[in-house]
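Read the structure below first, then the notes.
Chain IDs A, B, C, D and E follow the sequence of writing; residue 1 opens each chain.
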Amino acid sequence: MNAIIISAVLGVIMMFSGIFLKKNSSIAALAIFGIIILLVATILEMSGYHFFAVDTHNMLFFDAFGLLFNCVAFAGTLALFLLNAKDIAAIGNNPGEYFALIFFVLCGIAIASSFNTLLMLFIGIEIISIPLYILTGSDKRNLKSNEAALKYLLLGAFSTGLMLLGIAFLYGASEKGSFFLDELAIGRAAVSPLLMAGLLLITSSLAFKVSAAPFHFWAPDVYDGAPTAITSFMATIVKGGAFIAFIRLFGDAFVELKSQWQIFIAILAAATLLIGNITAVFQQSVKRMLAYSSVAHIGFMLFALLTLNTMAREGIILYIAAYSAATIGLFAIVVKMKDYSFEGFNGLARQHPMLALAATIFLLSLAGIPLTGGFLAKYYMIASVMQTGHFLWLVILGLFCAAISIYYYFRVLQAMYFKEGQGQHLDLSPGFTVWLMVLAIIVILLGIFPQWLIDRLYIIYL
Amino acid sequence: MSLTQILFWFLSALALFSAIMVVISKNPVHSVLWLIIVFFTISGHYILLNAQFLAIVNLIVYAGAIMVLFLFVIMLMNLNAETEPQKNKWLKIAGVIGGGALLLVLVAALKDADTRNRMAQTGSGDIGLIHNLGLALFREYVIPFEISSVLFLSAMVGAVVIGKKD
Amino acid sequence: MPINYYIFLSVALFCIGVAGVLTRRNAIIVFMCIELMLNAVNLLMVAFSKMHHAALAASDPNAGINGQLFVFFIMVVAAAEVSVGLAIIAMLYRNTHSVDINFLNRLKH
Amino acid sequence: MIPVLLIVIPLLAGLISFCLKDAAAKGWTLFASFITLGVSLIAIALPDESKQLAVNVAWLTTLNSRFSLSMDGLAKILCLLTALSFPVIFIGTWNEPYKKARNFFGLMMLSQAGLIGVFLASDALLFYFFWELALIPVYFLASQWGGEKRIPATFKFFVYTFLGSLMMLVAIIFISLHTRDHSFSIASFYSKGMISAHDQTWLFWLMFVAFAVKMPIFPFHTWQPDTYEQSTPAVTMVLSAIMVKMGLYGVLRWLAPVLPIGTYLWGDTISTMCIIGMIYASLTALVQDDLKRLLAYSSIAHVGLMCLAIFATTESGLQGVMIQLFNHGIIILGLWIVVYLIEKQFHTRKISELGGLAQKAPVLTTLLVILVLANIALPLTSGFIGEFLMFNGIYASQSTTYNVVFVVTAATTVFLAAIYMLRMVQRVFYGPANALTEKAIDIRMNEKIILAFIVALIVLIGVYPEPLFHLTRGAVESVLAKMYVKP
Amino acid sequence: MSKFIYLVPLFPLIGFLINGLFRRRISKSFSGLIASAAVLASFVVSLLIFFEVKEENFQPVIATLFEFIHAGKLSIPFSFLVDPLSVLFLLIITGVGFLIHVYSTSYMQEENAPAYAKYFCYLNLFVFSMLLLVLGSNYVILYIGWEGVGFCSYLLIGYWFKNQEYSSAARKAFVMNRIGDFAFLIAIFALINQFGTASFGEIFQQAPKATTGLITMVTLLLFAGATAKSAQIPLYTWLPDAMVGPTPVSALIHAATMVTAGIYMVARSHVLYDLAPVSQTVVAITGLATAILAASIAIKQNDIKKVLAYSTVSQLGYMFLGLGVGAYTGAVFHVMTHAFFKALLFLGAGSVIHAMGGEQDIRKMGALKKYLPITHITFLLACLAIAGVPPFSGFFSKDEILAAAFVKNPLYYIIGVAGAMMTAFYMFRLYATTFLGKFRGTADQEHHLHESPAPITFPLIVLAILAVLGGFLGIPEIFAKNSHLLGHFLQPVFAGHENKVTESPVSVSTEWMLMGLSAGLAIIIVIFAWMRFSRKPELGEPAGFGKWLANKWYVDELYQAVIVKPLNAFADFLNRVVEKNVIDGMVNGAGRLVQYGSRQIRYLQSGQVGGYVLLMVLGIVILFVVQLFLRK
């Protein structure tokens, strides 16, 4: 509860900050300060300090899983702010509002990670989505940004419609006429057609939110069109939030019916892996490549949804953390680049060796090379599927896709280190490089001592 | 056939017809007007189901506020039948087939649902009354109610950020 | 009324909405069709609410009320969405003097 | 403690090297590599059971994986090879100028750390970690320094091996899920009866492909000639002297004892593949014009024999393989140094453009001829001991009914190797000198010393191989005890 | 003394190391001295050991130096076997070897110092390897020497490496030997696998227990190894080509010692051959065929060394005939006498070539009798010995083989005698064309003709004495009881096999008759050839069948067309087509497929909202359809 209320309040504060603070940098500093407060408050909540005693009427349910994810999401946002706060403030004329919207999104994420009824899921998802439509279009002069915003809006609203129809079906199928997760499927030995239809529709809609194929089409376009710093936020934290909602929904409501829906998740995962990876191969712009890469990673994350075992829960947190850290880091570099095609990266290692080193670590992590968080994350996903004893074909497909992913990640590496070129000169503050290195070290630490993160799932004072 | 039934069929037929007209009207303004009719028929359904509060809110919020907003924007942009660009014929057919296919699979999936024999209570049942709804809203549903304020706030901020001229 | 009638009516309305989204090029009309879809859902939700009420009123006099409240929230959210959506459409119109979604193809492949 | 030192010394040395000046890095890494060599010599002197040679601390607790390292004869001999190769490579290519030398030498040391880690790990997940880690520095080395087409060639190499390793990862996960304590420790992997024969049949391939790509054996070999050709000599040496051994090591340590039934059932198939590969590579080597490609194909043929000998499942064969792992590394190292010296002087590796070097560079010629002899396994060179035992082992194999066929077809490489190696010697070193080689000079002191050292080692082992037998005897027995031998 | 057996190979090894490591620092005379002294020292030690072995109650000694290979149950010691057979070979190798070393000090004088040292270094290494070969107490050590001599032969044939043709010949020799080694190796594996050991003693002891099939296979494989080393059909073509090496090398390696390694090996394994009659027949027939074929080719050769080379091949054929018919002593006897006279012939030829300034074509020689008296006499004696004219050494040894062949199969004898007649013919064709008649070289050459210096003539004389008298070591028993000294000496080795030398295999009268027939025919042919070629040397190009012979039955061409060219073409095909297009093509194709897929799939990403919605709807429809199917 700490996170929801504080993030909402922080949103309001940021909204007014534009009036009192004239300089972008001070607004950015305030935002960083705010996110630190939010992060600390969430950590404290995990440690048993609840600032607000609110009776949620069982609408929200806070557990270690959701709270830990919140920590990851807020920490990711902190990293984003540390690296790109000034770039966010510089998108347009309303720096305070941009941060306010981001805090509102975080509020939505906090809800989406702790909902206990479909109503809160719906509200949470909408609180995430509506500010994002605006953030996507916040670069108002840029036609690409406009276009992305409208596409996102239309498709997002459409998927909301799908979700609502699904919710309605689930409601109708519920014996108790309830939206509570634990009551949705109760008393159903066999799956009724209504329940199944509802499940499929809500799956499609959430698949849209996390951009799983074939509901992913918005993602590359929107990520490409949105201001890069916002893309970074959307592709990592928001996506993670939507995914956690997905996991919560299936884990809490339908886990007994696993055998009924696993095949659909497997199909989605397979399609996502294939389309995400294969399409990424041909991209010419790093930004767009990263958009497809984010789709591809969802394919792996869906493994966790498929299995929903202990390993999956542990792994998905690690996956989101590792993936977000690496992607935020890469986008932070892309934000600073004038030319973010692959050629733009030529010779970057000569011009900015530390930047290139950090980028290398991020890319290796995304590619799933050991000693980085990305490897263990993938490991958890694969192992969780193998634990079930089925879906080996999916694992093998995943392997091939991971090998394909090497192609596009290493293109960046090759450009940075091995291709001829002077390299763009970027204006970087020393702080930027330092924070980037810190992020890179975190990625590596996640790969060596994942238990530092995962053990938090089991050490909790609620 | 009772009055309820007659009304149900009438409203349903009108709703479907109007909905189709929304989609096929060339003039955007006509579409808006047809949509308002759909909303009215749905409000009618609500009344049949004794959900009076929602019926009124639907009229006020949807048919009133939202559709007026639509109309306003359309007028503002001076869109009319002539400016309405036409989609490629094949794409249209594909769209219709897509919608039809969805309808088909949904019906196929639901036709033998186990709710087939259950009834929706019409006329009676007072959960749809404003008194009961209000009590529930401010007791059990106070959290979502409050939280949706965040949604409004963000929508407001958003509309300002987007709408404001630089 | 049998609940199936409501189900099929709503699904039909929903699918008409979907067909509208698929066939129209005017962003505003597309958006309206989405509103149509939402309304179809609302109707279904209310019908289910009354169905549950009929079944469970004996044990819980407020049974089914959650469905109607959900519809209330849907309307709220839809309103917010429309306000943002129209703002975005207006912004786009300001920049391109068009609301044709077929021209939205700077971003592709 | 010693295993940790063996990994940490090169690792730290590599990291420090990145911070040094280009000029200083070379000397520093040479110094560090000598220290590693010293430590590995100490390790070899200790008995297998020594507590100093084992490390086992908690690591990935959530996954039940431990940071455990251990050294038996097999690990020792490969560590020795790795520790020995790096000083030899550094001295042999001492005069090569590198752009950004500090990065080069730093990465070299990192790759050494990874390679030693592979040979020491006794936890499957840790093994996989090092397996990949050894690859990354080499990828950078091969992509950054080398020939024109190095980037695509190295990339092919990387993707190829990466895909293979991923398959191995799946197999590792599967096996660990089936161990009784769900752990990755090698002891659990070795316990019998946990994986059904049916599962072993497909798991075998998942693992084998990873190792086969690394070795490489036909038909997974096409990355190798390209990569060798394009890489800078020092990197080629690492690839061919040590990395190739990773695949064979993997089979010996993580495949054959872990999936004995799978190994037995697929033995004939793999053996056939190996033999086709040996003959194929030997024939292809006949018509190569590029020295590096020639050696690459020669290496494929030799590795095929080693793999074949493993699947023969005999004491003699395994003993031969373990000896040959070391010997082949040393021999091929010497050959690469010669190729490097030739390329450095004449800026070409084309056999057709060279000739008559024996007149101008008699010392080089002599040393090379001995290396070639060792490569074609002439008696009293180290190459003979290994090949003799391997062929003998294949002949004695009980695990196949085609042992005689295998040994007869495989042994054709005895003369095929002579044909292509001597053809090379003749074209490059004999005959009249041409315009290019007219002004050739003989090799420098450091090169002379290092080649002489290699040659001396080759002859020494060839005449008195007992120390190597002594080192690996225990490992042979323990591997054989875990493999499936038809009753 | 036999405790010090390791000294025998040690001295040449030291010589090799000194000459090899310090070849740039030492003078020519010193390196020659070192090399010759090393071999002489070995000879002396061998002689001392010989006297010990000669004793009546001598038991074979196995001197183990160290454990060579010890892997599991397999144990192969590095150990030497001292018995009459090995000691006899020791004497031949070190004795003839020493003479040739001495000869070489003068013959190679034109080389510069490092090359000179290199030559002796190789030569010493060869002697070392050869000694290992004959001393090894098991097949592995034998194999080490076997490969070692092959390699030295490679080095020495290609000694003048600047000439590509020479190094090609060297390579050919090595590769052909390796083909034989391949068979030899497999035989060793079969033996180890069957008997668990590679030691002669244990194998021969257990051999009777093994199946005939296995023994036959092993012996055939061993013989296949021998055909390469000892230049028998089908692997003989390297030996004539090997004549491009320095002439002393031809004398030592390609006549006296290395090429007889095959005979040594088969003789050593005689226990096995006795158990495999099929193999014996194969050995005999191969030997006989080679003897005839090579002799027929020798008739039409004009290169002095080529004639001798084919003659060597032919004589080796006789030795195998002997082995094949069970006359092991006879074969070894012939090895010895052949070593004497063939070394002498080669050295004489070397002297001639030396005098002729490098000319090897006999058509350009003639009348050298007066210029090179010592060479001429010794050469003549050697020719008489090889032609089988009594009482020169060749007569006795060849006769012993032919007599044994007659017992086995009279057809062998007839063909053998025909071959012997050809031998007499081509040898005297050679002799007459070279030394008699008129000088046919240039005036310049004639001006330079001179007798060679003492280091060259000394070995000639010593060898001539041996060639003349060597036969008396093996006088047939019909002349006098216990006159076959060699037979007695070797008896412990070949004891137990049915064809005992001491008991004459055929009746006395038959043996007299056979002896007389072959001796008479030989003398007739000698006289005929002498007459024919001293008057009218054959100078024109051969025609008809002669051309066929002059071109060596076109065997080289056949090998080229049937084996070498197809192999190269196939390798080229593998390299250009299979490797590039099929295997690498598949790998690259997978990559290209992904790229192609990428280019195609991205068209789904049309940028059109309507398209996206349509695809989403289709996705839902598909999910529903799947669900409907699953429910059924």
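Criterion: a residue touches a chain if its C-beta (ideal position, glycine included) is under 8 Å from a C-beta of that chain, and two chains touch if they have at least 3 such contacts.
All of these numbers come straight from a predicted model, not from anything done at the bench.
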item	value
Minimum number of chain-to-chain contact steps, chain B to chain D	2
Chain occupying the middle, per Cα centroid	D
Pair sharing more residue contacts (C-beta pairs) when A-E is set against B-E	A-E
Reference chain B; chain at largest CA-centroid distance	E
Chain whose Cα centroid lies at the greatest distance from that of chain A	E
Inter-chain centre distance, chain D versus chain E - centres from mean C-alpha coordinates, in Å	37
Separation of chain A from chain B, taking each centre as the mean of its C-alpha atoms, in whole Å	32
Between chain E and chain C, distance of the C-alpha-averaged centres to the nearest whole Å	97
Where chain A and chain D are represented by their mean Cα positions, the distance between them in whole Å	43
Numbers and ranges of chain E residues touching at least 2 other chains	591, 602, 605, 607, 609-610, 613-614, 617-618, 620, 624, 627
Per-residue multi-chain contacts in chain D, two or more chains	159
Where chain A touches two or more other chains at once, by residue number	119, 123, 126, 130, 133-134, 137, 140-141, 149-151, 154, 158, 172, 193, 196-197, 220-221, 282, 407
All pairs of touching chains, each written as two labels joined by a dash	A-B, A-C, A-D, A-E, B-C, B-E, C-E, D-E
Chain E to chain D touching residues, read off their complex	66-74, 114, 140, 143-144, 147-148, 151, 154, 158, 161-164, 167-168, 170-171, 174-175, 178-179, 181-182, 185-186, 188-190, 192-193, 567-568, 570-572, 574-575, 578-579, 583-584, 586-588, 591
In the complex with chain B, residue positions of chain E that touch it	610, 613-614, 617-618, 620-621, 624-625, 627-628
Contact set on chain C toward chain B in their complex	1-9, 11-26, 28-29, 31-33, 35-36, 39, 42-43, 46-51, 53-55, 57, 62-66, 68-69, 71-73, 75-84, 86-91, 93, 99-100, 102
Chain C-facing residues of chain E, complex	602-603, 605-610, 613-614, 617
Partner chain D, residues of chain A touching it in the complex	314, 364, 369-371, 375-376, 379, 382-383, 386-387, 392, 395-396, 399-400, 402-403, 406-407, 410, 414, 417-419, 450-451, 454-455
